[in-house]
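Each of the next two complexes has chain A plus one more chain, namely chain B in the first and chain C in the second.
Take a look at the complex of A and B:
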């Protein structure tokens, strides 16, 4: 539990300390990549909770989603269609869905845990 | 265990990306992209302002000196002088000084073609006033109507007006007073090369800019100023 959070903190501090700034025109791509990454991350957590997690699916999904989203945005810029909106929409919707599933799984787990603890104490 | 490391790795990347994105968004909104010449220009502008302010300070110092020197009997006169100066600045009284007389006349082509004579549009007049106002310390009169900072040049019921008074059809005169003959000369040269002449020509008018004269008289503003902000103190208060 703590290791991933440590990883997050390390990543954020690395980003801030290195003070890297990307040109404004590529800002769109990065924001979409961040969204894709978050989506994959939440998907991974959901899969983990539902016990269907697979390493390869997770890793490939992560990089593939990022590349696809950025590629879509790139294509959109060159075609004059705001395709990145499609990616934002898709990822946004999935993000919320994943969050909802995670919440439900956690809720179920919690209520089960409470049931168990109450029966234990009543015994 | 491997899963944990995987998540750690992915979260590290996500955190890094978020931080970079944050950095990018927080970039200063406007970068200073001025080059040496732009900065020099700016500096020149500030210097000019500086010198103008110094001139103003000197004038005010002179006034103070006058007040101090004229204690007692001539204090009233010093006050009257100041009031006179202020009236002059506000354009209420007639003024005489070195300046230019510009005749606005219909162009020869428009007369030859028989184009109906029309008024000078308010836009064109405003443009002219703006153009001339690049020069500091000038006083202007358009067709006998004094132009001050409060003057409005606009269209009232189809008539071009200055201060609410209709400007007559060309030909009419525009008089411009400047601080000294040298400034008048500068203004004359500036107007000769200015594109405002072409703007007038497009509207079938010709600006005949006269040579600088040492004595030109312009009228004061006829109507009184409305003053909403200053109130007179009760006498002896």
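Take a look at the complex of A and C:
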């Protein structure tokens, strides 16, 4: 359990302390990468709650989505098509869908738990 | 027994593989979270509030604001200047109007001065006019009184006054320019004009509208008739160009 947390802390500190500067115009790719990462994370949580979670799918999806989103946006800029808008749209929609699904699953779980607890107490 | 052992072995092997699998998973999760943390923090640092991009943006915004204010200021200044220009132009127009008025006045004054100067005789004059020649009548033995046929100063005066009234601008008698103060005196057979004596025939030249001068002299019952009845030979010529000298200094005083 401590290893992923350590990784998170390490990543955050690396991000804050690193002295890498990226040009202004690559800010779009960065924001898309953030979106992709968050989307994949939420997707993983949803899959876990729906009991269809798969390690391989999650891990490959995480990295692949980030790279693909940024790469597609990059290509779009070079082709003169605003593909990063499409990426933001797609990831945003999926993000909110995932959030909604997670909320619903948690809600059903909670109501089930309450039902069980009330039956327990009534006994 | 043997079967049991193999089973146990199989179990331990499966346990081991699941262990390894778990560890692999943990490492991958750690990697995933590392990348996630990195991306989040990095993007926060580069794009979030207080970052260089944001600072640049706020700088640009404030600069834009400044430019906009400057633009507004300039526009106001422009408006002010335009107003000033229009008011100045109005003033200029007024000044020009007065100037042209004064110029017109000036023109009139110059003309008047010119004609006055002509009348005074201080400048040489030239232009169209009439030339009147008055000569003594032929000697008539039947007439005892020579006064009956010589030209008198009064007759010259008559001609001169008639011409003046008819609008002559400049007058001369035998080349002697007349001015407003000129005197014509009778001194026996000759006349004295401003101290200079002249014998007959007298040539009176007048500059002015030649037609008007001519017709004023030719009036029925006018100068021409009265002079002719006094046995004086009178010739009137219209001249296109008459040259007249200025009043001579030595006489003027």
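To be clear about the criterion, the second predicted complex is superposed on the first by the 110 of 123 C-alpha atoms of A that agree within 3 Å, B and C clash if a C-alpha of one lies under 4 Å from a C-alpha of the other, contacts with A are read in each partner's own complex, and residues count from 1 in each chain.
FYI, a residue touches a chain if its C-beta (ideal position, glycine included) is under 8 Å from a C-beta of that chain, and two chains touch if they have at least 3 such contacts.
Since the structure is predicted, the reported quantities are computational estimates derived from the model, not experimental observations.
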Chain B versus chain C as contact partner of A:30, first or second or both or neither: both
Which of chain B and chain C A:55 touches, first, second, both or neither: both
Touched partner set for A:5, first chain B, second chain C, both or neither: both
First, second, both or neither for A:19, with chain B first and chain C second: first
Partner chain in contact with A:74 - chain B first, chain C second, else both or neither: neither
Residues of chain A that lie at the interface with chain B and also at the interface with chain C: 3-16, 20-22, 24, 27, 30-31, 33-34, 37, 41, 55, 58-59, 62
Chain A-touching residues of chain C, taken from the complex the two chains share: 25-47, 52-53, 56
Footprint of chain A on chain B - complex, ascending: 2-25, 27
Touching residues (chain side chain A, partner chain B) in the complex: 3-16, 19-22, 24, 27, 30-31, 33-34, 37-38, 40-41, 44-45, 48, 53, 55, 58-59, 62
Residues of chain A that touch chain C when the two form their complex: 3-16, 18, 20-22, 24, 27, 30-31, 33-34, 37, 41, 55, 58-59, 62-63, 66
